[in-house]
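Below you'll find the structures, each written out as structure tokens.
The following pair of complexes shares a single chain, subunit A, combined with subunit B in the former and subunit C in the latter.
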Partner chain A sequence: MAGVGSACLTIGLFTALYAVGASLFGARTGRREWVDSGRRAVYCLAALCVGAFAILESAFLRSDFSYALVAEGSSTSTPTFYKVTAVWATQDGSLLLWATLLALFAGAVLFLTRRTLRDIAPYATAVLGAVAAFFLLLMVGWENPFDTLAVVPSEGAGLNPLLRHPAMMIHPPMLYTGYVGFSIPFAFAIGALMTRRTGADWIRATRRFTLVAWTFLGTGILLGALWSYSELGWGGYWAWDPVENASLMPWLVGTAFLHSIMVQEKRGMLKVWNVSLICATFTLALLGTFLVRSGILDSIHAFGASTIGVQFLVFIGCVIALSAVLVISRLPYLRSEARLDSLLSREAFFLLNNLVLVALALVILWGTFFPLISEAITGTEQTVGPPWFDRLATPLAIVLVLLAWVGPVLAWRRVTPAALVRVLLAPLAATAVVLAALLALTDARDSVPSLIMFCFVAFLLSVVGQEFWRGARARRTMTGESWPRALARLTGRNRRRYGGYLVHVGIGVLFLGVAASSAFLQQRDVRLSPGQSFSVGDYDVEYVRPTARLGGDRGGTGAPIAFGAVMRVKNGDRTFTLRPSRNYYATADPAKGAISRFFEGEATSEVDMRWGLRRDFWLAVRPDLVSLQKPIARADREFSDSPSDVQAIVISTLTQLYREKPPPATFRAIVSPLVAWIWIGGAIVLLGALVAAWPSPEARLRRVRSLYKARLGRELTRA
Partner chain B sequence: MDPARKRKLRLVLALGVAVLLASALVYTSFSASSEAAKPSELQPGRAYELTGKVVHNSIRRDGEQLHFRVRDRDGTESVPVTYSGTVPDPFREGREVIVSGELERGTFVAERDSLVTKCPSKFTKDEQSS
Partner chain C sequence: MEYVVALLVLAALVALAVSVPLRRRGQAERLEETRVEELTAAKEAKYREIRDAELDHRMGKLSERDWRMVDGELRGEAVEILRELDALEGRTPG
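This part shows the complex of A and B:
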């Protein structure tokens, strides 16, 4: 079957190249049949990629170790869920997933636009085909996921234990879907530039794909943060690691793009800016994919040194050059149809929000690549740490939240100051009340940036709340509907608008969680023996007894051994028990003894925590195996040649020894206020984005009519 | 003011702000950064980001403190490190680490919680051979 998979990739490469050639030829000569053929080649490519992916997936499920990839990333003892997901934990497999998602997305968008955008679509097909061809070339030429082993091992190395977390396994496909999704608007933007049809048609055709891509990328980033928080054993959710930054940059620029295309749709402005933004977004998405694979920057998450760094750089260079040449040569076609009427208008504030988002992305780009930049300038490699990022990103994030109320309230073209005051009076009053309450009842004054952030979030929420209330009240007056019904109808009839409001609410809530949990975090690292206790914040924590377990760990990760602790936590008059532990995975390293290999392989923290709306209590343990070292060494000498059931008894005795004579263990306890609101905010954003992206036939009809009206209006004013 | 001049003024203003922000970015990054160095390159009295591999059989725990040696990635020169705080899960002998701190009397005293372990085994094929 490996041969069939390889063949799928090779045929796929030629199919993609054919799609490029056929659609370009068809577009140049105006022969529709070639354009259609090019588009169908993309459908075919999607089928081939899905086929290849299915073959690889089934090899993982069957634990067929004749595949090098399966032997490297899976094992018979890996639980089924992680067998399925181990495919994209490997370099080659993740490239295949990228290509498959790209082909599926491309097929879907080309199918949906097959009757519209007849001029632009062939060029978009060519761009998408070229991107797919690049990824297939990488696999066919350098990183073939279907490489087989001459000698088939009896057991595989297993999935890296750190990745054995549900959030981690869903996170990469989410990110890739986001990255891949941004290639769709990019392809159509290139098509629009090629054909000089630089109106808003390409934006309208791909808007929904952009929104879906943005949503997936955002969800992926958030799942990564959740994984970091609940699996990595350090208790944080964001560390400004190069790979994290790499996923955030395209998301930020994509966010800017989503806002500024509205200005082009409604006012015909910012055309150069929009095409530049989408080219930048796609380039950053490629850069993100590249950073994880190249090993040029030190990161905990990176794939190790790899062979495809140069190819990626060449491809990214080509994308940048093509975009720049096209944008510059088409400048005469990208003139604005209107001018900014007033600084007090929605478009002016959108522009401002765009600048802040792009500035934030640039700051992150600069910081991420600072090791390379400083080496080029001064000759020594220097790095900037998380404090630098925090210092620069915090003010920009505060400004972003401050601007987030604008979309809902300000009208296009211009607003009179009097009208603005009327709308903002109630939210301002509400914010003042919140500020007073925060100062009187909480310690919020200890951190000025958080206090400012809290106030801005309160302001944002009250502005959006007022908008929902006003809309629903108007509906009630007209129709006599009940409040919930009026709200639902209101949202359903104006999905884009109210979905957008919901997204803003979610972002506000998310920043509330970030501000509170980063400014008011309490943390302690202690070393305890059973019976001892310590306190952190208002929590008293007692180390009751150690635990040691063989097989069947709670998380279902397939770890053979786990050492942990039973902890009694007291908070006021509430008492609860937490059981943090640490999983030990056997290593296949032949230098280790037969018994010690079970204790000296990879180990991962299994954090235990109490989630709460007000705060989380987070607890991790790092057992000290010093007292076991001598018995393990002796067991290594005496039982290395024993049958495996005898070894199992030895290991079970060793774990019992840990339970009976426990050495002190190290604990990290964290009290993190409002951190749950980060995930809740994320869920609200997801909901809002779904509402905004969900197609509604009514809205489509209305959009066509309003467009027609707008054009009529423009022509009338010109006449 | 006529609209053309007003636009020009706005452009100059915007460019001025952009230049100002860019120079702030450059300045803060160079002043806040610490130099990355191998064990053989360390000089006393400066903050560094030390990169290298953990020497075999050098990890020792002493209460809250963790002691180990880091050697050049492709060399034998090494330096003792004292560290406290969270130890990342993949930390192990032979692994590549990054840790920030300063050289004091021949020992690299690391900042709390600054240890980062690279995780080569995750995706590379030749971990055993290295």
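This part shows the complex of A and C:
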């Protein structure tokens, strides 16, 4: 079936190119049938990509090692969940995922807009076809996921142990859905520029896709942070790593876009800004994919060894050039239809919010690429670490939370100062109470930036709570409904507004968690023998005994060996037990001995923690295997040719030796306040986005009616 | 061989699918349908803006004077959309 999969990609490439050509031909000549043919080509592309993806998934599930990709990224012992998700752990598989998601999204949006945007849609089809063709060309020309091996191995290399975590495996499809989703508004923006139809039509048609893309990308970023926190052994969730930054940048610029398109919809303003923003968002999405897949982040020299780095750069260059040429040449058609009436207006603050978001993205862009630029110019890489990012990003984040509450209280066009003061009085009073409580009852004053953030978040929550309350009260005045019904109907009839408010609440709660856990974290690294103890914060921790296990690891990752510890943790009158461990995966390196290969391959931390709404207690262990080196070396000499069941007994004996004579192990303990609120905030953002994106009952009814009317029109014409 | 056979079969299927519109006739009368769709979406967006402005007024963010001005403008724009919709729907069959 590898041949069939490969054929799907080849035909898919030509189908995408046909979609480009047919759509453009139809658009230029006014021949509708060619436009429809181009759209059908995109539907066919979606089917071909899904077919190819299914064939590859099947190969992974069957552990068919004739596929080079399966041999490289899976094994017979890989758990089924990780076999399914291993497809996108490799470069080739992730390119196929990108292309498949793009084809599906493109098919969906073109189906939904098949009766609207007649001028713009053909150009959007051409753009989407061109992007799909690029990714298919990468696979057909350089990174074919259906390459087969002449000599089929009996076993695969297995999935990278670091990736054996549920959050990490769902993270790539979420990110890619976000990246791909932004191609939709980009394509329609290009179509709007080509046709000079620069009103709000293209924004209305693609707004939901933009919101879905933004939501998926944000969820993917959070899942990556969750993985970092619960899987890696350093105890943090964000390190300003270039790969993390690569996904955050398009999300920030996409957030700016989601706000500013509202201004264009309502007031016909910021047209140049909006098309520029979506071009920048899509470019950053491509850049994010390029940064992860090109190898350039390891070193600029590693870039040269990548097979697709240059192609990505050329494509990104073309996207930037096309966008710039179109925006500049269409400037006369992008003039605002209205002027800013007042600085005290929602549109003025949306613009300010945009500037802060874009500034934050630019700071991150500079910090991410500075090491590469310095290496290219000076020959030596100068790194930019988390302190640099924190210094610049923290004040911008505080300003963002400040602006997040201003937007809801303002109205479009203008708010009088008197009305603004009236609206802000209650939230200001609530915030003053919160500030007093924080100063009196907590150590919040020890970190001024955090204290400011806490106050701004309190203000934000008060403002949004007031918005819901005042809106429900206004509705009750008109309809006489009960409070719950008024609240539900208010939200239901104003989904974009109140869904957006929920998103703001979620972001505020998330920042609350970030501020508290960053500023008030307590950490200790200690080296202990069994029976010894230490303190961190107000926790007392005792190393009770070591553990050593063969197979059956808690996380279901398929690790053959795990060394760990049983730790008794006391906090006040509460006592609980934690069992951190470290998983060891066998290496396929032929230079390693038959026994030592089980102890000298990849190793991952299996953190244990006690989650809580107030704080998390996080514990990781790094066992010291030095004492086992001599017995392992001896076992290599004596049992290298023994059957596998004998070797298993030897390994079991070695693990027992560790349990009976454990050397000191190194522990890291972290007390992190309010970390759980980061994930809770993310969930609230997701809920708010769902509310905002959900179609209204009237819109659903209109779609059903229009389908019948269209059908009636066609049938009457044929009769 | 598997690759070549699959290539030919898939190419034929795709060619069949994309050629369907090229073998069809009679597209012109659907122009008005799409304009009706676009205007209906614009109408709903305008109604949403009118409701937003009214809600802002009831919540005290917009003064009476500002609200009446904004409401008047928005209703005028909505009327223009409705006029164009009525004209189109009067011409389309059904």
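By our rule, the second predicted complex is superposed on the first by the 678 of 719 C-alpha atoms of A that agree within 3 Å, B and C clash if a C-alpha of one lies under 4 Å from a C-alpha of the other, contacts with A are read in each partner's own complex, and residues count from 1 in each chain.
In the analysis below, a contact is a pair of C-beta atoms (placed from the backbone, for glycine too) under 8 Å apart; a residue touches a chain by one contact, two chains touch by 3 or more.
None of these values were measured; they are calculated from a predicted model.
Undergrad: On subunit A, do subunit B and subunit C fit together or clash when superposed?
TA: On the superposed model, which is not a single observed complex, subunit B and subunit C fit side by side.
Undergrad: When the two structures are overlaid on chain A, which partner does A:217 contact: first (subunit B), second (subunit C), both, or neither?
TA: Neither: A:217 stays clear of subunit B and subunit C.
Undergrad: Using the superposition described at the top, determine whether subunit B or subunit C touches more residues of subunit A.
TA: C
Undergrad: May I ask you to decide whether A:525 touches subunit B, subunit C, both, or neither, giving the answer as first, second, both or neither?
TA: So A:525 only meets subunit B here.
Undergrad: Once the shared chain is lined up, is A:233 touching subunit B (first), subunit C (second), both, or neither of them?
TA: Touch partner of A:233: subunit B, not subunit C.
Undergrad: Measure off the angle at the C-alpha centre of subunit A toward the C-alpha centres of subunit B and subunit C in the combined model, and quote it in steps of 10°.
TA: Spelled out: centre of subunit A as vertex, angle of 140 degrees.
Undergrad: Please work out whether A:3 is in contact with subunit B alone, subunit C alone, both, or neither, and reply first, second, both or neither.
TA: After superposition on chain A, A:3 lies in contact with subunit C alone.
Undergrad: Taking the superposition as given, tell me the minimum C-alpha spacing from subunit B to subunit C, whole angstrom.
TA: Closest C-alpha pair between subunit B and subunit C: 22 Å.
Undergrad: On subunit A, what residues does subunit B touch that subunit C touches as well?
TA: Residues common to the subunit A contacts of subunit C and of subunit B do not exist here, since the sets are disjoint.
Undergrad: Where on subunit C is subunit A touching in the complex?
TA: Touching subunit A: residues 1-7, 10-11, 13-14, 17-22, 24, 26-31, 33-34, 36-38, 40-42, 44-45, 48-49, 51-53, 55-56, 58-63, 66, 70, 92-94 of subunit C.
Undergrad: Can you list the subunit B residues touching subunit A in their complex?
TA: Interface residues on subunit B, with respect to subunit A: 21, 25, 28-30, 32-36, 49, 51, 61, 63-64, 84-90, 92, 98, 100, 113, 116-125, 128.
Undergrad: Per the contact definition, I'd like the list of subunit A residues that touch subunit B in the complex.
TA: Spelled out, the residues of subunit A in touch with subunit B are 68, 72, 89-91, 160-163, 232-235, 298-306, 359, 362-363, 366-367, 370-371, 374, 380-385, 387-388, 391-392, 525, 527, 589, 602-605, 622, 624, 626, 666, 668.
Undergrad: Provide the residue numbers of subunit A that touch subunit C in the complex, in ascending order.
TA: So the residues of subunit A in touch with subunit C come to 1-4, 6-8, 10-11, 14-15, 18, 22, 32-34, 36-38, 40-41, 43-44, 48, 115-118, 200-201, 204-205, 265-266, 409-416, 419, 422-423, 467, 470-471, 474, 477-478, 493-494, 496-497, 698-699, 702, 706, 709-710, 712-714, 716-718.
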